[in-house]
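Two complexes, one shared chain (chain A), two partners (chain B, chain C).
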Partner chain A sequence: MKTRFYHLNYGNKAFFLALDVALAVIVAVGLLVIANYYVGSSENKLAELQMIRTGSDIITVLDNKGVLDSLDEETIKDELSSLLPPYYNIRIQLYGAFSSETIIIETESELAEGKFIGSGKRFFRANGENGIVKYQIWSK
Partner chain B sequence: MSKAQAISTDLFFAVAVFMVLVGGIIFIWDFYSLRLSEDSEYNEMLVISFQATDLLAKKMLGEDRNLSTAKVGSFFNQSYDEVRGELNIRNYDFYISLEGGANSSGLAASKGKKSSNSENVISLRRYTTYQNENSVLSFELWK
Partner chain C sequence: MVKMKKGLLFSFTLIFLALVILSLAILMFHNSLSTKERLSELGSFDVVYDLDSSLQKSLREIFLEEADIIVNVSNSSVAFEENLPNNESSFAGEMGSFKNFVEADDEHVWLDISDVLEELPLSVMPHNITYKHLSFGGDTIRIAPKEINFNALSIFARIEGNVTSCDFDTESGGLSLNVEIVGDYGTSCSNSMLVNPYEDSDIEINQNQFTIYIDDGIFDIISNKSTARVITKILFNATKNVNVGYPDALVHIDFSELKIAKRSHVRIK
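Right after this comes the complex of A and B.
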């Protein structure tokens, strides 16, 4: 680094300036890549929000129609299959004072890995007792 | 190489790098301005759509937690601009449809104009009950 190119007055200052510029460019490009990731990530927002809303709507309909109160797996599953859009899977867990065991109804036994899973809870009443229904919904 | 040659070569090189950098910055600035503006509009449409579908479901809900036939009829009988004002969807266009119900498994009611292109469209679906049958309330907001 002590060699002076062309015997200019600037010495090796130019080398450090160039290094500084290169470093600044790398930092700027890094920031742009991060910004690009965050700006681009908003594209899935609608699908994810829609999925959560669908799960919430389905549980609301099941509750409003009195299907959850039956606590019968087959009844709930039948109603669920008529409501659930074909491109989603859902898992519903019902628990509360009405039963010592959690009732699980699912369209697919394994939760999706590496995919967005929307979830939520709703309180309901069955057999005169309070209960909680928890849902998890994901795309096929 | 003489000193003058070295200085002018250095100058040309510096000017070339500078031009490329300025060009790159202008391109990136333009690209991100456009993208952020599109993103902002998309987010606004998303918020309006979710608020409008919530409002729609609440407006037409009857006492038995079904969509009320009378309220559905009166809502869909309004003019396009009345619905637009009621849902506060500003200068965007919309299409609302209700599928299901006791009399038909298909389209029960609809209002608005469908989008002719697939860009800048937000489509949402709400699952509900109408005339004691499962039904789907679809909402499309577009520009």
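Right after this comes the complex of A and C.
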């Protein structure tokens, strides 16, 4: 006489087969969740790339319009306020042969912690002197 | 037995569905990895583009501010105006200073300016005509077209002192050459002629104070012993996208760790 496990009515084979399938579905769903996480993070990558491009465009416009040539914080800040989207913060540093000090223009004094910060730089000339402009941009 | 078969069918169907979901999950995972790599590459390209475009802009500004050469471009002509000899010390100093400044700040960038400092060559494209100096700061301007694909060459010069003699010893041909020399007190001479650019032709003003030599398709303008203000104009059929720039790649950017490298020419006008 066969011993019945767990006193099941329909036999042990079907039970274990169904259990096996259930486990397989759990693994599959788990993989799907992980894949969804990576897809979500790649969407974040797209947002990060867009942030870097925004910073690059801002600096390029400031350079091409000759705003950087002024080397004046207020002038650069005024122009920056019309270019920077409201959901970003930015810090711009200008340094070079034109001055022994670095000119810093920023919308927030402290860099965000734990957030992605996009950055880049350009070379430029102001009044015949060589300079570098670096930017850091992050979301609010 | 029938119930057993139903159970088996149910289980196998569930297995099949699970395999399909698993396959989709793996596909999405690989796709997302690939997307992340592409986006990272795009970010790197943006960094290189920023560096390259800003370097080209700065090099262009140095030329316009310091070289003391006026370049005018239209769709049917290009004109260069400068003193001969040119005072090149300011231009050379600024180019050298900029090169040192950039390369000290960024190890991925190298500016190849040796030819520019030696001859200050400018290339007229798409005609591929080189306008250069035999030693920038020296007394010779050389116009070296790859082929005679232009209609006329016009040379105007204001020289020191009076114009006392003009000798035009040219070989007749199909290229239009207009020469006008102006001196002090309204003295001048001019001539419009058709020359063969491949045969030896000499134009001498004031016993070699100012000369134009033509041979083998090359035109040399020389100001001996004194300074002249020279305007050289090259005329051709109406052409799209006429531009003037340095002929060789000046800007070298190399991010070997990202496997990205870029070489750029600098366009002046």
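General remarks:
Here is the rule we go by: the second predicted complex is superposed on the first by the 100 of 140 C-alpha atoms of A that agree within 3 Å, B and C clash if a C-alpha of one lies under 4 Å from a C-alpha of the other, contacts with A are read in each partner's own complex, and residues count from 1 in each chain.
The rule we apply is simple: contacts are C-beta pairs under 8 Å (C-beta built on N, C-alpha and C of every residue); 3 or more make two chains touch, one makes a residue touch a chain.
Given the structure is predicted, the values throughout are model-derived calculations rather than measurements.
Of the two partner chains placed around the shared chain by superposition, chain B and chain C are both touched by A:R53. Of the two partner chains placed around the shared chain by superposition, chain B is the only one that A:K65 touches, whereas chain C remains out of contact.
When the two structures are aligned on the shared chain, A:K45 is found in touch with chain B and with chain C. In the superposition on chain A, A:L17 makes contact with chain C only, while chain B stays out of contact range.
With both complexes superposed, C is the one of chain B and chain C in contact with more chain A residues. In the superposed pair of complexes, A:L83 makes contact with chain B only, with no contact to chain C. Contacts of chain A with chain B, set against its contacts with chain C after fitting on chain A, overlap at residues 32, 35, 39, 42, 45-46, 49, 53, 60, 64. For chain B in complex with chain A, the residues that touch the partner chain are 1, 3, 6-7, 28, 32, 35-36, 39, 42-43, 46, 50, 65-66, 122, 124-129, 134. Residues of chain A touching chain C in their complex: 10-11, 13-14, 17-18, 20-21, 24-25, 27-29, 31-32, 34-36, 38-39, 41-42, 45-46, 48-49, 52-53, 56, 59-60, 63-64, 96-97, 120-125, 128, 130, 132. On the chain A side of its complex with chain B, the touching residues are 6-8, 32, 35, 39, 42, 45-46, 49-50, 53-54, 57-58, 60-61, 64-65, 82-83, 85.
Across the complex, chain C meets chain A through its residues 3-4, 7-8, 10-11, 14-15, 17-19, 21-22, 24-26, 28-29, 31-33, 35-36, 39-40, 42-43, 46-47, 49-51, 53-55, 57-58, 61-62, 65, 94, 97-98, 101-102, 105.
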